[in-house]
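There are two complexes below, and they share subunit A, which is joined by subunit B in the first and by subunit C in the second.
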Partner chain A sequence: MSLTLNKISKSFKDDVVLDDLSLEVPTGKTLVLFGPSGAGKTVLLRLIAGVIEPDVGDIIIGGCNMEGVEPEDRGIGMAFQNFALFPHLSALDNIASPLAARRQDKSNIQSGVEKLARLLKIDHVLGHKPKELSNGQKQRTALARALAGEPRILLLDDPLRNVDAKLRFEMRLELPRLIKHQHATVIYVTQDYKEAMAFGDEIAVVNRGRIQQVGTPEDVYLSPANMDIAQLFGDPVINLLEVTPQMGPNGLHALVSDQPLALPTSDASIAGRSCVLGLRPEALHFVDAGAPGAIPVTVETETPLNEKTITLAMTARGREVMLSRPAGTPGPTTGPAHIAINHQVTLLFDAESQALIPSNDLGTAGKVA
Partner chain B sequence: MQTMNPIERILRAVALSLVIFFFMFPIFWIFLMSFQTNETILRVPPSMFFEPTLTNYRSLISGSLDGSTATLEIQFMGNLYNSLFLSVAAVSVGLILGVPAAYAFAKLKFRGSEDIAFTLLSFRFAPPLLVLLPLTIYFQKIGLADTYFGLIWVYQLIVLPLILWIVRGYFEDIPSDIEYAHRIAGHGFWSTFTKIALPLAGPGIAAAGLLAFIFAWNNFIFALVLASADKQPVTVGALAFITASGINYGQIAAGIMLSIAPVFALALYAQRYLVEGLSLGAVKG
Partner chain C sequence: MSAHMLEIRKVDKFYGPIDRGVHAVKDVSLSVKRGDIIALLGSSGCGKTSTLRMIAGFEEVSRGSISIAGREVHMLPPVKRNVAMAFEGYSLYPTVTVRDNIAFALKSSGKGAADIAQNVAEVAEMLEITDILDRYPMSISGGQQQRASLARALIRAADLYLLDEPMGQLEPQLRTLLRGRIKYYIKERGLTAILVTHDQTEANALADKIAVMEDGEMQQYASPEKIKEAPANLFTGTFVGEPPMNVFPAKAAVSDNALVFTLQDGSNLSFPRAAFADELQGHITGLDEITLGVRPYAVRRQVDGAFARVLANQWLGDQTHISAEFAGGELVLVEHDRVELAEGDAISVHLNAGDLHIFDPQTGRAISHGASLVA
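Now for the complex of A and B:
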């Protein structure tokens, strides 16, 4: 079932939580709602589930307007961030709840629950009450309950938020498989950009009640609509440097530590305007002093992580930049060094509006050359 | 708790014993009195040692008080039955009306809900006599005076606000997400109320019911004004023990023992429901 949200607005008293928000999820696709807390993601899920009503706007599921349709009649499954298990019922009865609502007979319910429980590895704790379950087991029980009714629309509200790191990693691998199994249309809420990139067919970035960008994970990462999104996606966070583009003999460029850097746009009108250059840490690398475009820096600290090494360096003008390189590759750990910028993956933002200045595909052109 | 040293443990035991002694001694003394005759009760100095007798209980149950000069017919067992019937009926009506109302006040914030809830609570502020005088006139006009129905109705003034305000707090403590989850799983509003909200507020409902029962049981003034002899509860009926020929302490003590017994038994029974808390670990944090 496809899901369409049409110009939804919702306020609580004077607090505007969702503001004229429209969204479309095609049947069987997974849309990740990504945004900081307080962005309105959870409210949006509740509106779709029907437990609260929008002030304005339509929610359309499978072509039917859901206005006035009770939550129990919407064919939705939902996993809550806080699990919201029924505390007085066993895990089995919790999971069986959507099946019991359909007045299926006992043996059907039993076999359905057991199948799901085996899949989620909670079949040994089905007799336990929620308070006797670990957080991971609670989370899986909540997930099983959401899946049990074979919903047309599956709403997952940050289901991995409250579980430990190991389980989160496991579930990140398992969940997409489970979701694909269901053939449901999925809305997945998260604040973790890695989860967003891993699960989403599309990502909708929400902030302050508005959709800021909708696109594939690649789109959002490679051409974030604004500086906020660029900073939210990527770890370590993107380097942002204030620059003023100039028109030179070789086209538009900016001076970074007195070295000219070709910009990803040929829009001459931005010359002289105040802009912000976005450099992903992996777009910077150490070079020898004599290399073309080499920028002198002082290496301040180095943080080796498992799969990559993060270096914090300071330019001659005192601007700090972060570099990321695969672990095991050599690099200076302290003192003076030189870096170069891979100009094919730079991003340019308007300093005033913070919006991305569209590139004219310098990246692709560069690859072809 | 585990690291308590022996001195601390002894002091704690002594303190607890003192508290229990302070509160329980009068009841214990009345218990002893109920097995004594007037002579042994009134001897000086009083003593814990006596020959127990069941005459007090026997005369209460048979309904004839043997005073020093004459025999007085009283309907103590009838009063006890009236108390039981009035209290059980009043609390039942109070629960049937109060629990759904408490749910509405807790979960469905409608226009004026706070005002209505407060108005109901304010019934508890008014001195009962202020309400009773006009009420008696009304009741006599519409034929409700001296009826069980009328009494149970008036008892709602005591019972309903109590149930409403206690149970409302328990309903408010149920996270809305749990109810939402039940709705989304495909259950209707009524089913969510009966299968989720009621069981989770169970301890609160039990506590409110018990308190309401105690208040209804101990009520004196409403029944005194509105009920005639055959409908009087035990609180009013006890007045009959004060007779012109003197006060029979043994029989009063036995009467007290019999009249606190139902409340005591109910409290013991309801205790296990009261202990079970709301925080059953369904929701993280």
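Now for the complex of A and C:
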């Protein structure tokens, strides 16, 4: 079932939570709602579920307008970050609860639940009450319950938020596949950019009740619509340097620590305008002093980060930059060094509007090798 | 003067009567070199926070002794220990501004007002709190409070800096940058710091040495590199490192010139015998079962390797995580480029003998890392 939100607005008293928001999720696809807390993500889920009504706008599921349709008749399954299991019921009965409500045949229910439980690796704890389950098992139980009703639409509100790092990693690799196999249309809310990139066929970046960008993980990472989004995706955060583009014999360039850098656009009108150059830490690398475009820096410190080595360095002009390289590859740990910029993966933003200045050849950057 | 800024000798902590109460910290000994950053790493209830609180003087030491800068301190009250702290619950004074909270730490230092203002400005800039210096603690976010509290600790002159989960609440975009700046600040000044964290990423990023704790016991105390290359046991091996180490039950046998590991599904991983010390071969072939571990980054896609089938391929911008069905279990690989693989694709994976970690499944202890037996 496809899901369409058409020009939705919702206010609570004077507080505009959602402002003229439209979204479309094709059947069987996963849309991630990504944004800071208070962005309106949870309100949006509650609107889709039918727990609250929009002030303006339509919610359309499988071609049918949901206005006036009760939550239980919308064909929606939900799981939340706080698990919300019935404490007096076993894991099995919790999972079966949406099926029992539909008066399904008992043996059908049993086999359906067992199949899901095996898939989610909780088949050995089906007899346990929630308090006897680990957080990870609770989360899987809640998820199994959401899936048990074979919902057409699945709403997942930051389901991995309260689980420990190791389990979160495991579930991040595993969940998208489980969900895909259910053929449900999914809305997945998260504040973790890695989850957003791993889960989303598309990601909608939401802030202050508005959608700032909708796109594939590639779109959002390689062509973020604005500086905010560029900073929300990627760890370490993207380096932002103020530059003023200049027109030269070889086209547009900017000076970074006195070194000319080709810019990713041929839009001559930006010459002389205040811009911000976005350099992902992996777009910077150490070079020998004599290498073309080498920029002198002082390496301050090195902090390993999940199979990467992050270096904090300072340019001669006092600009702080972070570099990232695969762990185990050589690089200076402290003192003077030189870096170069991979000009094919730079981003350029307008300093005033903070919007991305479109690149000439979208799609070159980060292409599969 | 002792080369060690902190020495913890055979310390136990019991909540309740000694030997009968809850044994929260068990016979922990630890020496910290002047100028080092140490992380006490473990999950909740492992004893790391109790250990830190004993160093600070907020908890009594049940048994053993603690010295700081060569002075026995475990009988002294916190204020006499000359330690600076950023603790949860050791909160900012709500009635004064963030600026005064930070500056207050320097009041007794004998510094002039101009010097103090300069120091506050520097540390505030480092921690990105310059714009909230004149706000009151209640009006700023949890992440900002945490940074203010960190600033207050780092600005002081002390023998030892005790930081309890100092970055747990920080905004994710700031975390890596601030880790770098804080590490630089500490190193530049030659400070000695003890950091408590449940987050192995934070421990790896900041620490010269990590003390991995579990169930009140210190599992291993070594540099991040050493813990990665030679984890003392299965707990340490799988706790430190993201993605976590891949582990498989296996049985080792020798045939002709090969050392063969038979995995859960009956498939074999075969290595030249020359790649392993004789005594190691003797030891592991004598065991009914071993646990084979390999770090995700050490697994390479390469022709003529073992068969695996892709379950997931997730590109995260600067890194790709692949999980694959392998030998009846699941194998995780990390690559730094984007790769074009879909669920169901067959891949060939290669494990180097030198990257294998072998554990005893009975005790969890490491038997070998690469070619040779653990001493």
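Operating definition for what follows: the second predicted complex is superposed on the first by the 359 of 369 C-alpha atoms of A that agree within 3 Å, B and C clash if a C-alpha of one lies under 4 Å from a C-alpha of the other, contacts with A are read in each partner's own complex, and residues count from 1 in each chain.
Just so it is clear, a residue touches a chain if its C-beta (ideal position, glycine included) is under 8 Å from a C-beta of that chain, and two chains touch if they have at least 3 such contacts.
Note that the coordinates shown come from a computational prediction; the quantities given were computed from them, not determined experimentally.
Trainee: If you stack the two complexes on chain A, which partner ends up touching A:130: first (subunit B), second (subunit C), both, or neither?
Mentor: Only subunit B; A:130 stays clear of subunit C.
Trainee: Who does A:77 touch here: subunit B (first), subunit C (second), both, or neither?
Mentor: In the superposed model, A:77 contacts subunit B only, not subunit C.
Trainee: Between subunit B (first) and subunit C (second), which, if any, makes contact with A:209: first, second, both or neither?
Mentor: It touches nothing on subunit B or subunit C.
Trainee: Between subunit B (first) and subunit C (second), which, if any, makes contact with A:85: first, second, both or neither?
Mentor: Touch status of A:85: first partner only.
Trainee: Between subunit B (first) and subunit C (second), which, if any, makes contact with A:264: first, second, both or neither?
Mentor: Neither partner.
Trainee: Should A:245 be classified as contacting the first partner (subunit B), the second (subunit C), both, or neither?
Mentor: Neither partner.
Trainee: Which of the two partners, first being subunit B and second being subunit C, lies in contact with A:224: first, second, both, or neither?
Mentor: neither
Trainee: In the overlaid three-chain picture, which partner chain does A:159 touch, first (subunit B) or second (subunit C), both, or neither?
Mentor: neither
Trainee: Report the partner of subunit A that touches more of its residues: subunit B or subunit C.
Mentor: C
Trainee: Which residues of subunit C touch subunit A in the complex?
Mentor: 43, 172-177, 179-181, 183-184, 187, 198-201, 204-206, 224, 238-239, 242-244, 296-297, 311-312, 314-319, 321, 323, 332, 334, 336-340, 343
Trainee: Which of the residues in subunit A end up touching subunit B in this complex?
Mentor: Result: residues 46, 49-51, 70-72, 74, 76-78, 80, 82-88, 97-98, 101-102, 129-132, 135, 138, 145, 149, 162 of subunit A touch subunit B.
Trainee: Considering the complex alone, what residue numbers of subunit B touch subunit A?
Mentor: Where subunit B meets subunit A, its residues are 175-178, 180-189, 191, 196, 199-200, 280-285.
Trainee: Okay, in this complex, where on subunit A does subunit C touch?
Mentor: 164-166, 169, 172-174, 176-177, 191-194, 197-198, 217-218, 221, 231-237, 280-282, 300-301, 303-308, 310-312, 320, 322, 324, 326-328, 366-369
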